[in-house]
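The structure that follows is given in the form of structure tokens.
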């Protein structure tokens, strides 16, 4: 009977992983819809192709080699066959693989509307096979960074990946945008930023709600256990705090834009929600509900300023605001951990953020430059003008609507 | 025959159409157009960057009529399309040009009977 | 080992609450998409902003004070810290908070296309902090109504909230619509109702499917326990009946409109599904599958007539039919309970419905009137003509499509 | 205490069924969005009506008589009252009923844009009440085919329904398309196929992601147990393989179309994902991750060729590619089972596929022809030209956008 | 030179274009318009409330040609645009007016060579 | 008075508008049109079946002016609308026709003051 009980725990934990993983997988749809809503209609089919393609690539490359690099388990998962100690190792892989895809999804939005599709896919292959798994190994798997030092020893803590997943994705995106340059027409002759409105706000909002929902899996699953009172309580608090932070992010962003510009800019409310979620991701387990809401609210404020500063001051053209939402706010999330978690230190968080930044930015930059040299990463000016849907995908997203 | 072309505010379309049918005009072709004129567009805001939408949605009506009707048609349109009171910038314009020939495809009739 | 078993029950019940709660949270996306599909394109971005904003407000205000009013637990959840007796109290909060948001979502559709955004948000703050929690305390928490009488003593039963959530939301909406008036152009000079078609039927349909799915959490989670044979069976029956009622609502509404008007009006099929769901919500545990289907079917018939009567006879302009779907059918749901549940009585149901109506209608009416006096609740005629997207949010939902 | 433990197993298994079932129900939304995105805007409201209507009909007819035919349980579920041995029989019904709806959903896409709505509904009534339940009884319930032979004895295995659900739906669709004929304008005077692009690619992509997510429930739930180490491991492997196959399908389809036509046709990537999912459905439990990915990839390749051959060679006009995705690839899925599962044989798979084909094609063909004779199944040419939205539903899907 | 303006049913566009290219017309500008005429719109139903869509989608073609071609162009259009048999209400109209000058932007050519 | 009608490439709209406002033109009506001309459309691919999109999106500008301005307006448009270098096929056309009457709806003014 004891055995049966242990099996039940095994079963419940495995089930919990699978359900949480399915929610994270659902985030792939969220990113697709968010990005499809925030680009112009002439670039919509391409960004959809990019998103479903990158998800498939991430799932495949992580299976081939990424998971092995990050956690062991064998090339092509040959150590994974649906067994395991406390829960099925297949469930663990399933849960981990959707995280890789999330990191990769972040990149696609920032470089939208001007990049060659297959150059992006080539980047995705390397990022999901090597770049992400390496830094994942140093953090969540506790490996020493190039055998030199362990981040955990320095007091680094990133519960569900504000830094490891979100900031990493944003840093890869930043490198891409720097190599790629801004969209034609984004900056006028005087260098003034011009607004390029996205084509479909309901899609963007749907995407945000999908991400909000999926994030319960992202953070909730990162407790990594459910079948005891303690872990069940922990998962419940993580759900509660994740929701509170997202709500705080929306309210803060909405009030701020209303004060600044007199209008309740929907896109900022959406980014505020995501910023709240990114901000809490590094430590959804330790704050109280109020603290979580405030951490999210600071994220919501940050994202509004960050989007504007990156756009107007640094001329970094990020059509969906991914670098601000996931990068700047991801860093904030890391730095907020020591406020409520005595196990983490500011210096440790900075060390971790620095390590992730240097590794991901360096390798990504090299990779983008190689791709640029080898196959080119930017579509021609004419293709960009007519839209990448026609040039890359050969079809239109809304053939009957657009003009 | 004449072709009367009127540029009006979109929400005046129903009123104008009614006014025209009251004076016996039975055919109109309407097109959605964008107008640039004295009336200025408005500023929209997207993620903190302002941008000006400097065209304004207008409706263009084309009405082919016999020459005798020009005055009554122009008056009907201008009365119905004018904003209450003094009129407002952007109420629109009416253009008249001459039309040499008309043909009704269904019957092959030409000239004023084809209108 | 007995302890481990008890912990397992705790864990399973907590997990169940979290999964059901995530499904209910998902309903926020459903309402957003439904409403975004049923308004005109010029008012779409604003209703999306309204929906994500109200969700954030509901989550925050219920955390600050609402949950404490309704169930105790302390201001700012200071009694909630992820502990609990049979399941984590954090999971309970998480499950309850998404219900408040649902009630509030109902309001946004009815007052669409003409209300000032921040007046709505102000209403949402009070509704989710006080109005809903008060009636929630009298019903689900069993408090005496103003210390006078207990509704449960009168034979009132509302399993998952046909009355407490749905009718309450609809009554608040009704008060709002009465104060606000109809949209310009909705009634002609002779008082004839004019159709104002919604802009995006796929969105509206998606919203309905999301709500249908989320409703399994709404009703299924309201069993409040899973970790025993009895409760597992109960949850399963609730799922089965919820689905049967929704199906009954669709079929009844579709057949009726086909008979009445010769056309299979999609919007009525959608409202029929929701009506079936609202109708069964007060008692999804006691009927057989057939009874559930019939209760839903009556809801589907009612909603078609109700929408037409409210529109044409009472000139109540409710763009999405929320007052009919959630209010009229919510009442039907309450009244249907005694048909299959001997624990409820008609008089008790009427008493409960009356109490909810008087409290919510009275307080909402006062609140709308105060807001009208203080800040105004209606946009200007010109803003309404050009669409509230530009005036309230400063952007367009479909900048490249609409004319 | 042993009792409590057994009850816990019961509860966990029941919960697992309900969660998996909710995911499968969600596939109804996926089919709706996929099909709504792939038809022209003038036929969008009708296909949405068709989808929500068929779901309601499937749920109702399967309750009335279908489940009884397939598994017993009594007319109108009078044997189902939320009890059961290892899990709640209500949960079992709930899980099974959404499968019927899936099979039926497959039909709606193939006959889109030209069929009378109520003729389709009439077909749905018979298909979900009798045609599907009969073949379901022969396969999953192990009944002898007309009392003659048992498919299981021949070595037939179809884990989650590549054949029983997907191919069956596709075969019914094929019969329908043959009786109905192609859309006007699909083939020119010389018989050349003309492309008729779908109106809304983000919707189609969303639908695909929904299906991908729902498929975890479809395949994962088909393990039919969770509350032991063995079954938990099995479910986890099924999730992992399902995901790997979908990813394989996307990559194979994308690479193939890029090679063939130089463009990354999004619609083929979407069909590739679905093909991967259909392919793995007959046996997601036995392959390794790599094998699953390859089975999916073959599905992705097959679907591209199949769509083109059916369209150009056989002049079978299937607007969404349902016959290829679910039929041709469903057959491939069946045939792939013996490659990794020694319990199945090629001859058994062929026998099963043949049985399903003959039964479903024969009965469907008769039914379509009867409907054609009795009420007509095709709208008039003028209605088809103006779009079935107006003629069947009386409204437009996008009244403000289309031209 | 003349400007021929034809209002036709949208689904006749391909036929008309073909007919025109057969007689050597190489340039056409098409616009989606809404027509109000003898042909009445249809009634739609939305949530039990009827409403009339009283404009009909039409396509307007504008074709600049030399004067000599007017008759052949008008005939080509009217033949191709006419519904089978007797023709149907709503088949459309053809208008002809005079054109004073034409210029091809690319080359700066003017007059009939610019057409 | 004259009506100048120009068919141009959509992305030249801003340049043309600027050029026109520099020479004092204050009113323009723009319409999205589809052009069939020498410039051929492109081929799209959908599920393996090719199809040709043989119309090209163009913008039609209508500008009513006094006769004296015709030359400067035509030149402003053609300079601004011409592709860099030699010009490209599809750069568009300019048509001029005569206008008999103009009326500003707001004020009732007619003739050249109404422009």
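A, B, C, D, E and F label the chains in the order they appear, each numbered from 1.
Here is the rule we use: a residue touches a chain if its C-beta (ideal position, glycine included) is under 8 Å from a C-beta of that chain, and two chains touch if they have at least 3 such contacts.
Just so we're clear, the structure is a prediction, and the values are computed from it rather than from any experiment.
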Q) Which chains make contact with subunit C and with subunit F at once? A) A, B, D, E
(Q) When contacts are scored as defined above, which chain pair ends up with more C-beta pairs, B-C or B-E? (A) B-E
Q. Between subunit A and subunit F, what is the separation of their C-alpha centroids in Å?
A. 46
Q | Interchain centroid distance [CA atoms averaged], subunit B/subunit F, Å | A | 19
Q) Per the centroid of Cα atoms for each chain, what is the distance between subunit A and subunit C, given in Å? A) 32
(Q) If I count partner chains per residue in subunit E, which residues reach a count of at least 2? (A) 31-32, 44-46, 97-98
Q: Any chance you could list the residues of subunit C touching two or more other chains?
A: 1, 5, 8, 12, 19, 197, 200, 206, 261, 263, 265, 267, 394-396, 398, 401, 403
(Q) Please classify the inter-chain touch graph. Allowed labels: line, ring, star, complete, other. (A) other
Q. Okay, what are all the chain pairs that touch?
A. A-B, A-C, A-D, A-F, B-C, B-E, B-F, C-D, C-E, D-E, D-F, E-F
Q) What residues of subunit C sit close enough to touch subunit E in their complex? A) 193-197, 257, 260-261, 263, 265, 267-268, 304, 307-308, 311-312, 321
Q. In their shared complex, at which residues does subunit A touch subunit C?
A. 1-2, 5, 8-9, 12, 16, 19, 23, 40-41, 197-202, 205-206, 208-210, 212-213, 216, 220, 226-229, 231-237, 239-240, 243-244, 246-251, 254, 258, 261-267, 269-270, 273, 288-290, 293, 398, 401-403
Q.
Could you list, by residue number, the parts of subunit E that touch subunit B in their complex?
A. 2, 6-8, 31-38, 55, 58, 60, 70, 74, 77-78, 81-83, 86-98
Q) What part of subunit B is in contact with subunit E in the complex they form? A) 3, 17, 26-31, 64, 97-108, 114
Q) If you look only at subunit D, which of its residues touch subunit C in the complex? A) 1, 4-5, 7-8, 10-12, 14-15, 17-19, 21-22, 25-26, 28-29, 32-33, 36-37, 44-46, 48-49, 51-53, 55-57, 59-60, 63, 76-78, 80-84, 87-91, 93-94, 97, 117-118, 200, 203, 206, 392-401
